[in-house]
Amino acid sequence: MKDYRKILEAVRDQHLSVEDGLKHLGQLETEDLGFAQIDHHRALRKGFPEVVYCEGKTPEQSADILVRLSESGEGPVLGTRADERVFDLVKGRVPGMEYDRLSRTIALRRGLAVPIGEVAVICAGTSDLPVGEEAAITAELMGAAVTRITDVGVAGIHRLFAHLEELYRARVLVVVAGMEGALVSVVAGLVNQPVIAVPTSVGYGTHFNGITPLLSMLNSCSSGVGVVNIDNGFGAGYLAGMINRMGMSE
Amino acid sequence: MKDYRKILEAVRDQHLSVEDGLKHLGQLETEDLGFAQIDHHRALRKGFPEVVYCEGKTPEQSADILVRLSESGEGPVLGTRADERVFDLVKGRVPGMEYDRLSRTIALRRGLAVPIGEVAVICAGTSDLPVGEEAAITAELMGAAVTRITDVGVAGIHRLFAHLEELYRARVLVVVAGMEGALVSVVAGLVNQPVIAVPTSVGYGTHFNGITPLLSMLNSCSSGVGVVNIDNGFGAGYLAGMINRMGMSE
Amino acid sequence: MKDYRKILEAVRDQHLSVEDGLKHLGQLETEDLGFAQIDHHRALRKGFPEVVYCEGKTPEQSADILVRLSESGEGPVLGTRADERVFDLVKGRVPGMEYDRLSRTIALRRGLAVPIGEVAVICAGTSDLPVGEEAAITAELMGAAVTRITDVGVAGIHRLFAHLEELYRARVLVVVAGMEGALVSVVAGLVNQPVIAVPTSVGYGTHFNGITPLLSMLNSCSSGVGVVNIDNGFGAGYLAGMINRMGMSE
Amino acid sequence: MKDYRKILEAVRDQHLSVEDGLKHLGQLETEDLGFAQIDHHRALRKGFPEVVYCEGKTPEQSADILVRLSESGEGPVLGTRADERVFDLVKGRVPGMEYDRLSRTIALRRGLAVPIGEVAVICAGTSDLPVGEEAAITAELMGAAVTRITDVGVAGIHRLFAHLEELYRARVLVVVAGMEGALVSVVAGLVNQPVIAVPTSVGYGTHFNGITPLLSMLNSCSSGVGVVNIDNGFGAGYLAGMINRMGMSE
Amino acid sequence: MKDYRKILEAVRDQHLSVEDGLKHLGQLETEDLGFAQIDHHRALRKGFPEVVYCEGKTPEQSADILVRLSESGEGPVLGTRADERVFDLVKGRVPGMEYDRLSRTIALRRGLAVPIGEVAVICAGTSDLPVGEEAAITAELMGAAVTRITDVGVAGIHRLFAHLEELYRARVLVVVAGMEGALVSVVAGLVNQPVIAVPTSVGYGTHFNGITPLLSMLNSCSSGVGVVNIDNGFGAGYLAGMINRMGMSE
Amino acid sequence: MKDYRKILEAVRDQHLSVEDGLKHLGQLETEDLGFAQIDHHRALRKGFPEVVYCEGKTPEQSADILVRLSESGEGPVLGTRADERVFDLVKGRVPGMEYDRLSRTIALRRGLAVPIGEVAVICAGTSDLPVGEEAAITAELMGAAVTRITDVGVAGIHRLFAHLEELYRARVLVVVAGMEGALVSVVAGLVNQPVIAVPTSVGYGTHFNGITPLLSMLNSCSSGVGVVNIDNGFGAGYLAGMINRMGMSE
Amino acid sequence: MKDYRKILEAVRDQHLSVEDGLKHLGQLETEDLGFAQIDHHRALRKGFPEVVYCEGKTPEQSADILVRLSESGEGPVLGTRADERVFDLVKGRVPGMEYDRLSRTIALRRGLAVPIGEVAVICAGTSDLPVGEEAAITAELMGAAVTRITDVGVAGIHRLFAHLEELYRARVLVVVAGMEGALVSVVAGLVNQPVIAVPTSVGYGTHFNGITPLLSMLNSCSSGVGVVNIDNGFGAGYLAGMINRMGMSE
Amino acid sequence: MKDYRKILEAVRDQHLSVEDGLKHLGQLETEDLGFAQIDHHRALRKGFPEVVYCEGKTPEQSADILVRLSESGEGPVLGTRADERVFDLVKGRVPGMEYDRLSRTIALRRGLAVPIGEVAVICAGTSDLPVGEEAAITAELMGAAVTRITDVGVAGIHRLFAHLEELYRARVLVVVAGMEGALVSVVAGLVNQPVIAVPTSVGYGTHFNGITPLLSMLNSCSSGVGVVNIDNGFGAGYLAGMINRMGMSE
């Protein structure tokens, strides 16, 4: 609430007229790009820079926002759902930008300390990997150490049990699953830590592009599960990264 | 196809005119109760008498059909979704009829040999018991020995593992589950036998009265699963009973 | 993984035959009530005793499980979706049991230390209170200090802003909303902490008993949100309580 | 009702036989293009010429109707959902036609007086712009002055507050949002004027191509909101334009 | 934005400390009833007092809010979806309160000037009347003169045509329809004024409690239609009342 | 179109002013009951009096309309979805009214000639009878001879074949089925006549109160099928009655 | 039932053994193409040859069936949903085959008498024409005279009234509409003849590819309407053609 | 449970430390390919090697898993939903691999005994063949003799009756149908054996890509039916193959 306070103080000290105070309440923090206003203070307010969701934007729009954010801050920058054309437009202009083809993310790993805590990202099958990797990269940009566990669907449940120690060691677990999403209930039944569940759109017929695992996860018989939107690896990684930091000396 | 054959033979031997032959092709086997035609030959044709689904019928209609079936055959008779009033109308007229309050079934256990094979009926939770019991009783009326396993939901997966031997011993398994229905995938991943999955309407919110476990079961990552309608314990027990008899000397 | 270890050690030391070891792998921890097996070790494994979800069970079944759990452990016990008849059957048998009419919960507040951290439970409207209170009581049984904020729907957004300090102070926030659920996006846009979103079934027409706020929350434009099932106050309170403890010296 | 009156008057004065009167009741106003009958009187009857919805028509059909309407009237003409091929077929034949690539509209700004009143078109995000622009252009062709406000989603609610004066100044507000559509409730909670809400199909997973914001808007906890179909910028701009004229000296 | 201004002015003039200014930004306008905060300034801000939606509240809660609102303001007060028990609790405490059994509304018609403009409320069938009456009473409390037209469904379209003059005379039209909701398209095709469409839950089978007319109205081939939630007579009357006042000297 | 003609002729002959002509275009045929306008000319226009759909009306409203229609015409009168209280209010006032408990219809069989043609009403099961009977009675009031065939579901297809001659003899067939509705496809595959398909709400789980047979019927692999709403026996009987009269000397 | 009779007669006369009689009951009428069995007797049984639905078949499969049907019969042949490649494969092999690009039908107009009766095919908008034309061509191949009426949507209802005489003259009406499908209710309210309603997939957003007009048509407030599947012009034309022949001297 | 036993025995005999025992419980059976862990013991555990579902994997990933499985086992290998590029990558590396274009399966028919029992795979129409063939090939790889019956939809039910003997002879029947799926009910009503029902996505409009036949099959009025996911030929063939082996001397 510091910003509100500063404006009130300036008004009190008559460094600011009431008219200008009114304007500053909202406007000072924003800047106009013509098509998008960017909140430079967001990094302070949320502890993480604005992430650019590139779908539904032209490659040029996405690239311009990414560049602008890179120039105006010092922390990490993340572009999700970015096809390679966005990266092509960005890479020459911002040194250090990386593109991950699997998860279609663009990342600038900058201003990051030694990874802390541990987030486990667990994928039921090979086709859940793109979503899982988006979660993993996001959590890493949030400062987390990330363990990746793959291909441990419940059809062969002994494969999951080979990873019990990693499950128990993590501070937060992200479980990514398509099909019927049963992995979430099994994992959450085994551990005492928060589980973030991500349904994926991998399946056919009555899978309905991810509705089936979504419903399955929302109705899990195990406790301690929070669910995010279908294929929303970013959202899961972000929430896991947030929880992972709790009580850590950063 | 025996019936068609008999009619053709009678026509060939001129014991039956062509006109009458045409009529006999369908009519001989049916009888008119005014509101319901009952196929006495059905027990022969399907190896099991017609089951009376009592919902949507008046108690009097249900009772009349149950009595009629009991009088005209010698095998077992089953009424499902029967409230107690149906049983009150039937019990005095047919000796040996039993009512099971939990599953709301009326059963006449008659003409049954020593139980054969083994059907395991596995319920995830306490509230799945009524549907599971309907399946169990149906399978018993189909001649099966039935093992009941209860309260083995995946939230505490060690509880299921305490029953591994029973799972491996059964010829067919009926898995009854509400919530997210994950038990089906875990069980089917452990065994080599056919699994009949029954979603139940137990749950709330996005459970949608059983749609969630239904979808989960249809999308199971484990193979060897056939699914029946929500709460259709009868259908599952019937199919399991049918499979259980295969290759047994009855 | 301690239990597996103990069994292996006993087998190694020949205190346990292989046959018995096999049985102990699963069975030792379970006990048979006839209709429900209770995992006494669950409190250790999950840091919280098994909660009894009373819907879909008879009052007698619910009461018996609650009493048994109270007798066999020393920690808190919680019954959710319990109507008053369950409490009537329990209160004489377990001293200290309390019933909360609003949230329909039965709680035994036992073995709890001084509340730690802070969970904020924020309800959009008066009719969201029962679900919010279920979340609050659950979080308290998980050891959390809970702040309740009520009637701050976005139709009059200044009402929410009167609580900014409480929002910023909490370690985790549970946001409970029916209607269109917009409160979640606004709150999560203001804070840097994890937000657990609970849609409620309060509404009419296209509200679809909570589907509308559920979808709204899953599609929130703000980051850091995990969603639970419609009306699942318990699930939200449990997850919030779990997160709240992270990094706290308990 | 003037037309009905004229026909009755002509019949009364015997300038028209009863037979012909019957025919004129409907036919006089219509004309046959082979594939589409155009109501030249519509501009009088509705205060605005027939708009051509180009989707589902061949470019040739769309172009022919647009040209015909331009030749037979003197007011503005609008083609929506028009791809560039339609414009290519029209531009040489009707001077003054303009194409807007963003909103895919073809407009002939003709016969328009000085803009009156004020319609605010508010877009939550960059990807809502095409729909918002369709609304804005439509309202302009209805005679309105239009203010465009962009990228003010509730994830950073201070961005919206920087535009409070524009919100308060408008006579009608069109709010265009995808994601969870929460912007509608926040804006309608701040103002005293009618709000026309337009859900957009921008999103993924459970967004269901716009169903989520549609439901959210229909269930808004704020009063004074009318909703149009998903992506229906034209419908919103038309209704807003209609309301904007009320009580203005045109 | 007057309130923000006043606070800034007080801070500038040092009548208010910065700390207190921060609190006043939100808190001054609210008051705590224990279960509901009421915004006394809302009548000023929205030109209409807070309406009490009584469903989901206990009769006592609803009554207390209604009484409080009546005592603290001087304008009209409206309770919707109120069953008679709410009225019984209120009528002795607030003179002038009226109950309308058809629409289940409680109204205090106080501080209203001579009705202005004209809102037409058109119901397709007899069973749409409760929703239509809720709209009509709401519009009246917004200051409008209201014309009610009933039983003019399109199955006998000549019945609608008997009311053409009333349709043309209104400033805004509210069309209330169940079944397939076709009346909206026919009416909106005939008039030049804004049409607010209200689907009702009257129907059976694939009517889905109002989804069919809702979808029909959202897809109307006629322009100038804004839709509200199923059975939301209040929302339609409120929006119509708002539009009706535009440009009128009140 | 006779009415329009008469008005024009009166205007031409100056027996009617233009103003009055305008009014007469719609108003002459309607009469105001306060809550419902009844079209006395409808019997002429549609060859059948207005049917009263009693659901959603109070018993008093339904009864008043039925009495009024009986007094003002000479043809048959039909009330559907009428509970017995409506009949109690009507029977003393209109001699000859009959109530059918199964289908909940009130019928005045008056002004009917010798039944013509033949409509076959075929019900799959016992619980489809109420809907089937509504169809049969409606068709009879349309002048048709009706054959009722019952309990011929496809699970025992030989039962249907016993009725082949009746199927071939009918001019139109109404097929009423719940469950999966497969009877429609089988019947329509056997005959050359129009089939009107009526899904019923009899079923459970994924039956969705009739959606499953509705979808099944709309997707029938047999040609010559028209579908009506779930449980809409009246609609099917009406359409069948209409078709049955075609080309008959009435 | 003639075929069954012939077989029985042959068996009676001992021209056929019982074994062979059993086989002939089904097999005689069928012939094996390897991928499709064609019923040559279908033309007799249904009064119309088997129609080939070409979607989901390879062009080669479709063409082979069309050629075979043309060679083995003497009546008309129809291919629906046929892309031009099917026609290219057929046209050289069957003289007289025609392709209609708009409706994507292949027709062999052979063995048709003078058209009888009259079927009116009414399309709401330009984009409904392909479906309407499929209906019209099908009805023509069923022997009907067809009147086509186009672009008479209810947004400008006077356009429909210009065609009243054609509506009254038809024996059956096919109404084809997308959007909200209101045209069906208006037309069926005006006429006394059967109306076959065809929803089309033309629309966007909540149109759901035709679900909205389908639901609208199933819930029509006008009587005498039978509905077919979305875009099923063939089904509507077939049913209309069937009804049109009733009572005509063919 | 043999593996668990071996580990316990090794621990008992001190050939294995407790630590290693813990690891072996899960890990011994798995092997890491980097992107997929393959369970070589699965063939023993399930009587059938792991099937590779190729959709959602890159052709390279699919091919690598197929090759690995072929090299490490001696039984049959199956790839489903494989496009030709997968086969191109595999065929040179594994002798004996076959590709079936219709069903898009890759099969290595190795280690198979003389086919046993009989599975009938029945397809309603030509366009159901790809799914049916996937089922047939799967059942063959499970050791079954398979009979294929095609184009026997219920629109011409005599075509099905020509195959009665094949229906009666099979041990299990797989019924594959799109459209309304009525074939399942008819077949299951005729036979006494288990029926596995497979809905296909062949259809249009309200077919909803297979939901209609799925619902139809789940609600079948005939008993003895288990349903699999839409287009899941593999699942049906697998379950049928499993049942077919029961009680056979293999």
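The letters A, B, C, D, E, F, G and H name the chains in turn, as written, and every chain counts its residues from 1.
Just so we're on the same page, contacts are C-beta pairs under 8 Å (C-beta built on N, C-alpha and C of every residue); 3 or more make two chains touch, one makes a residue touch a chain.
Owing to the predicted nature of the structure, the values given are computational and were not obtained by experimental measurement.
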Legend entry - Chain of greatest Cα-centre distance to chain D: B
Inset, instruction - Looking only at C-beta pairs in contact, point me to the busier pair out of F-H and D-E. - result: F-H
Inset, instruction - Could you check if the interface between copies chain B and chain F is built from the same residues on both sides, meaning over half shared, or from different ones? - result: different
Legend entry - Centroid spacing, where centroids are CA-atom means, of chain B and chain H in whole angstrom: 25
Inset, instruction - Averaged over CA atoms, how far is the centre of chain C from the centre of chain G? Could you give it in whole Å? - result: 59
Inset, instruction - List the centre-to-centre spacing of chain D and chain F in whole Å, with centres computed as mean CA coordinates. - result: 41
Inset, instruction - Two or more other chains in contact with one residue: find those residues in chain A. - result: 1, 25, 125, 156, 164, 205-207, 211, 214, 218-219, 223, 229
Inset, instruction - Could you please write down every pair of chains that are in touch? - result: A-B, A-C, A-D, A-E, A-H, B-C, B-F, B-G, B-H, C-D, C-E, C-H, D-E, D-F, D-G, E-F, E-G, F-G, F-H, G-H
Legend entry - Residue numbers on chain H that touch chain B, as the complex places them: 1, 45-47, 51, 164-165, 168, 171, 192-194, 196, 214, 218-219, 223-229, 234-235, 238-239, 242-243, 246-248
Legend entry - Residues on chain D engaged by chain F in the complex (per definition of touch): 1, 4-5, 8-9, 11-12, 14, 18, 21-22, 25
Legend entry - Residues on chain E engaged by chain F in the complex (per definition of touch): 125-127, 129, 150-152, 156, 158-164, 178, 202, 204-207
Legend entry - Touching residues on chain A, where the partner in the complex is chain D: 23, 25-27, 29-30, 35-37, 39, 42, 55-57, 61, 199, 201, 209-211, 214, 229-232
Inset, instruction - Provide the residue numbers of chain H that touch chain F in the complex, in ascending order. - result: 124-125, 153-157, 179-182, 185-186, 188-190, 203, 205-208, 211-213, 215-223
